[in-house]
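Got a structure here, written out as structure tokens. Questions coming.
Should a chain be cited, it is by its letter among A, B, C and D, assigned in written order, with residues numbered from 1 in that chain.
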Amino acid sequence: MFRRADLRLAAAGAVLLAATSLMPGWLLVLAATALAKGIVALGLLLLMRAGLVPFGQAMFYCLGGYAAGLGSLWLGIRDVLLLLLLAGLAAGAAGWVVGLLIRRYRGIFFAMLSMAFSMILYGVLLKSQDLGSSDGFSVPRPTLLGLTMTGTPALRILFAVTVLLTVLLAWGVSAYLRTAMGQIGPAIRQNEVRVSYLGYEPDRLIHREYAASGLLAGVAGALVAMLVGQVDPGMGFWMTSGEFVFIAILAGTGGIWGSLGAAFILEAVHAIAFDVAPTYWRLILGGTLLVMILRFPAGLSSLAPRRVRRA
Amino acid sequence: MSTLIAIAVDGAIHGAWLFLVAVGLTLVFGVMKILNIAHGNLYAIGAYAAATALGYWFASHPPSAAALAIQVGAALAAGLVLGLLLEVAVLRHLHGRDEVSVALATYALLLILDDVMLMIWGTDPQSAAAPYLLLGASRIAGMRFNNYEFLVMGLAILVGLLIWWVLTRTGTGRRLTAVIHDREMAAAMGINVRAVHVATFVAGACLAALGGAFTAPMIPVAPGIGAEIIVVTFAVVVIGGMGSIPGAAVGALVVGLARAAAVHLYPPAEVFIVYAVMAGVLCFRPNGLFPQAAVRRI
Amino acid sequence: MRRLSKITLAAAALAACLQAGGALAQEKLRIAVVTPLTGPLASVNVPGQNAARILAEAINAGTLPAPYSGRRGMGGAEVELFFLDENGGNAKQVSEFRGLAERRGADVVMGFGSAATCLAVAPVAEELKVLTVMSTCATPRIFEDASYEYVFRTTAHTTMDSAALALYVRQRLPEVRTVGHINPNFALGQDSWRDFAAAMKSAMPATRVVAEQWPTMGSGQYTAEISALAARRPDLIHTSLTGTDMEAFMTQMSARGLQEQSRIVAPLLELAINRMGRQIPEGIIFTARGTNGLFAPPSALNTWFTDIYRGRHNEMPVFTAYQYAATLLALKAAYDKAAGPAGARPATRDVIAALRSSTFEAPGGTIRMALGNGHQAIQDTAVGEFGFDRRANVTTVRNVTVFPAACVNPPAGARSEAWLRDGMPGADCSGIVNR
Amino acid sequence: MADAPALLEAQGLVMRFGAFTALRGISATIRGGEVVGLIGTNGAGKTTFLNMVTGYLRPTEGRVLLEGRDVTGTGPREMVGRGLARSFQVPQLFPEMTAREHLVLAEALADQGQRSLLGPLPEGGRAEAMLARFGLAAIADTAVSLVPQGQRKLIDIAMALMLRPRLLLLDEPTSGVSSAEKGPLMQTVFEAIRAGGVTVLFVEHDMEIVERYVTRILAFRDGELLADGTPEAVLRDREVARSVLRRKEVAT
């Protein structure tokens, strides 16, 4: 069951885990946020293989964060793993419900409709005073299997959980991509009518993969919420979705590795741009994205997992 | 009864403004299949250009109707320069790429242009209120309305008719429609598609800048006004049907009236009424109210 | 780009980050200023950034007037400011805050324009034991929901505005019966309206709310909202719109004469006063989060501050400028006191002990760190009506009433919301002065 | 053959695209085991008819019955689920995939009932046999976008056959194929079909091929059914000869 790629994934995870004790606090938060955004990019990878780019994925990222926050405040759940499960299920369920409508759309309409839903959630959260409206609310530090965590050690444990979870989810997604169902996505992108004439309903796969990408984004949102200790509607703003799409474009045809690597590069570019030019960091981000799209002729059309030009 | 009239008038005013701001976006998508996420920046630059020009002129002249000419001039200048620059420098290289990649490229342009505007005009807002009070006020259903907003409504109707006339009654219009429906066929029939693309994008930029220039007197022109209008113009264009000019007009009116109704009847809903309407319309008309004919694939 | 080269690029980028902040400046007191440099809130906070630069230069040069004249620097150390853009969402702000403390050697962090950032960063400052003094963010929740040792706020919070405005309306406009409002649909707007409505219920129980408007922040188009407010014709309209939204609303509203049929109460008008000047309709009731700006009592400190500020930026400093100045003066007083005559640089613990429950002078008058067990400031405030002096071509304020701090701030330990709702118990309003 | 149960029935099918009417009420029945040729000039409504009976197009009027059950407007997926498969006038392939990947995917989807799609792709199964049978082994690992038209047609038809259909619809299987290759192509296809006893409806312009394989002929003209009967009767029908076959005198 384990292939060369999976061993490389486990090795990378081990390296990051080992580095946990050496890294200063700010790097722990930066790296953990990057890994979490990498998890969202994994979800995007599934949809982009089927030729669909959601401009509203931040909705599930935000839902996951709020689910983790409310889970600990209202339901008294404090364990990290339970909160992640709760956030994933909540966001996955929301993905399934929104998927009921969005499964019929393609191209720009799919992008626009997913953005519309994310802005509806953003508007509702902005308005809800008992959820702290635009200030959001603070998420108490979680516990791990009963062990309470405070200060920087809490960051190390949360970072370690993030690394393990990322490796697990990345392995899960790469395993899925090797199954028969994993091949249907690219087939839909290349010729959807033919897929339905082979006896498989494209909308059903897109619905399933949309819900799965929602679950992944929800888990990522919960991780960041517990890491930062605060959630606010800004997590669901359309610019955040733009950042996730930026990562997916950066990943290009890199598959699992591409998504995680791209997330790190984005956080690094973001951090450097923030330091170097505090007022013009968006110019640097925009420039990087434009160069990626212009210089990368690959674009979305060649998101197949392997090069097939063996003429 | 007066609430209904108020909703109608407010809805019409807001709808006309939305049409003026959104029509350039749907024109560019119709002809070039480009969803220009940086459309908001073209609007903002139009506003900044007008504010600067008005500020410069009225520093030494009394308020006069010259303001309207200055606004139109500033908008067309900004639209021409920026439209050409973006089309030649960026969009030309994206010819033939899939719709979503091109949209993402314009998202990158949004990030870049936002900071470029910050470099040029800085953070403090520019105000150009001179023309706003020029035309006095009029009373409808016991409420006083500023005539400038009716001027903007008139301008929107004029622009709509102008585009309709160009598209249906002139040679360039027919060539434009040909490119809208089938770019390859139009090229095969000898239409210089490249020229049509450049002309369309510049026209789209000028329309956006015009929207900004005529909004400048109503609001202080400050960083971020471009980003504010992006999502609502998408809603208008998607509701109307991507690429359809009459669709944009109907979409703008629908959104305008929905927002006015929310404000008068249930204010807290104002935050998400536009997106709820958009999701609602798309549930029943998946490609908007005036969808373009789909080509048979097999 | 081959996959492998992408990973090496990321590693190189991170290394560059690490290296950039390595060199810790021992002798300088490094103060990080977290403030909106971009986005819609930028224009409202620029005066604060200007004031911070002016104060830092004066502190290092030792040219401050009494009671700060004589000693240079803070606790003997030269002050160095560096600015950080307060944008990009909470996750970004928290990781940047850790970067400030661990990587860029910030001894003190100040500023903070938005309440969301304040709420997100306060627990992190406590964890990293970094002295953090908030200058402008105004939600009372910070020191009422939790208590901190390393976090302070040298400005009063929004409860004071609502209390003072309600008392002012009761005194000057007793005939008011109906109230309407138009507030931005986010935390600042919601809190501001909730507090004002509670204060009005306590001060003038006979009034009732007849119109509520909640526009989205930054929408800029208020045609429909103004029609709805005009239709209901309330006696009084409250709005905490700020910056560009405030200016847009004022421009569109005055053209339709809303201010002729309803008196307008605008707690944040003062921030737009320089930019709009003559365009603001006469008679709008406003305040300045304390006796700042036009309300400032005459003092050597205030005259010095306004002369330098106007000399450099040719406009009057608004209350964000006064707030940033107050933070730096509070720090100087605390550092100098903690350093004692010897002038050796004090440890943060001693500075905290000096700052807690301290009283210090600011251009806007005396500020006392009286709430949140000595971490939250209270100060006198004033309310007046806007006027434009055509002859001198300068903005003025008329019918001013000054409210002492104890009258308009909740007593120590009380929760602001409840205090306003229950009729502001324990408020000592004996010292009210009408000018 | 005549008394075999009705497999596919079209009842009064009408299709209007705005002002243009592609089908003006066509009724026809195809029984199990038949091989029916569908002939007619371009634009006679052949492909529209095929799209309609396979569920891709919902008819403006009329009904489609599969084994007596009304399946009007159900999507292609349900029709395939009920034993139908089709090929296309222009081969509908996946440009970035190889011939082998096409057939392996078709095999996996065909067996989704028995074997879960979450398992790995089938290796060395029926797909390999079909590649050999259709002579595609040489180009099995070449991206189909680089493969000549004839073999693209074969891949398209092979994929349909992978579904082990009871009713196979071929849309101009030999169009775009050189005349030398037409015979061998049809030979290969019908060998694969005859083994499984499949009912076939295919659109064809080459009358030699039609005569060699069909048991019955449907002739379309301007969206109407001109003739429906044995090859001998239909090909000698004067109307069919004049408008469909464009021959002056009647073939003897």
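We adopt the following convention: a contact is a pair of C-beta atoms (placed from the backbone, for glycine too) under 8 Å apart; a residue touches a chain by one contact, two chains touch by 3 or more.
Just so we're on the same page, UniProt names per chain: A, B = Branched-chain amino acid transport system permease protein; C = Branched-chain amino acid transport system substrate-binding protein; D = Branched-chain amino acid transport system ATP-binding protein.
Keep in mind that this is a model prediction, so the values were computed, not measured.
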Between B-C and A-D, which chain pair is linked by more C-beta pairs in contact? B-C
Per-chain C-alpha centres versus the global one: which chain is nearest? A
In whole angstrom, what separates the CA-based centres of chain A and chain C? 36
Distance between the CA centroids of chain A and chain D (whole Å) is 44
Chain B and chain D: spacing of chain centres that average the CA atoms, whole Å: 49
Do you know which chain C residues sit against two or more other chains? 37-38, 185, 214, 216
Where in chain B do residues touch two or more other chains at once? 115, 118, 268, 271, 298
Give the residues of chain A that touch two or more other chains, as numbers and ranges in rising order. 123, 126-127, 193, 279, 282
Of all residues in chain B, which touch chain A in the complex? 29, 35, 90, 93-94, 97-101, 103-105, 107-112, 114-116, 118-119, 227, 231, 234-235, 238, 242, 268, 271-272, 275-276, 278-279, 282-283, 286-287, 297-298
Touching residues of chain D toward chain A in the complex: what are they? 54, 56, 75-77, 80-81, 85-86, 92-98, 101, 105-106, 108-110, 112, 117-122, 141-143, 146, 159-160, 163
Any idea which chain A residues touch chain C in the complex? 24-27, 29-30, 33, 123, 126-127, 129, 132-138, 150-152, 224, 227-232, 234-235, 237, 240, 254, 257-258, 261-262, 264-265, 268-272, 274-275, 278-279, 281-282
Chain D partner, complex, touching residues on chain A are 176, 178-181, 183-184, 186-187, 190-191, 193-194, 196-201, 302, 304, 308-311
For a test of understanding, state which residues of chain A touch chain B in their complex under the given definition. 53, 101, 104-105, 107-109, 111-113, 115-117, 119-120, 122-124, 126-127, 193, 238-239, 242, 245-246, 249, 279-280, 282-283, 285-287, 289-290, 293-294, 299-301
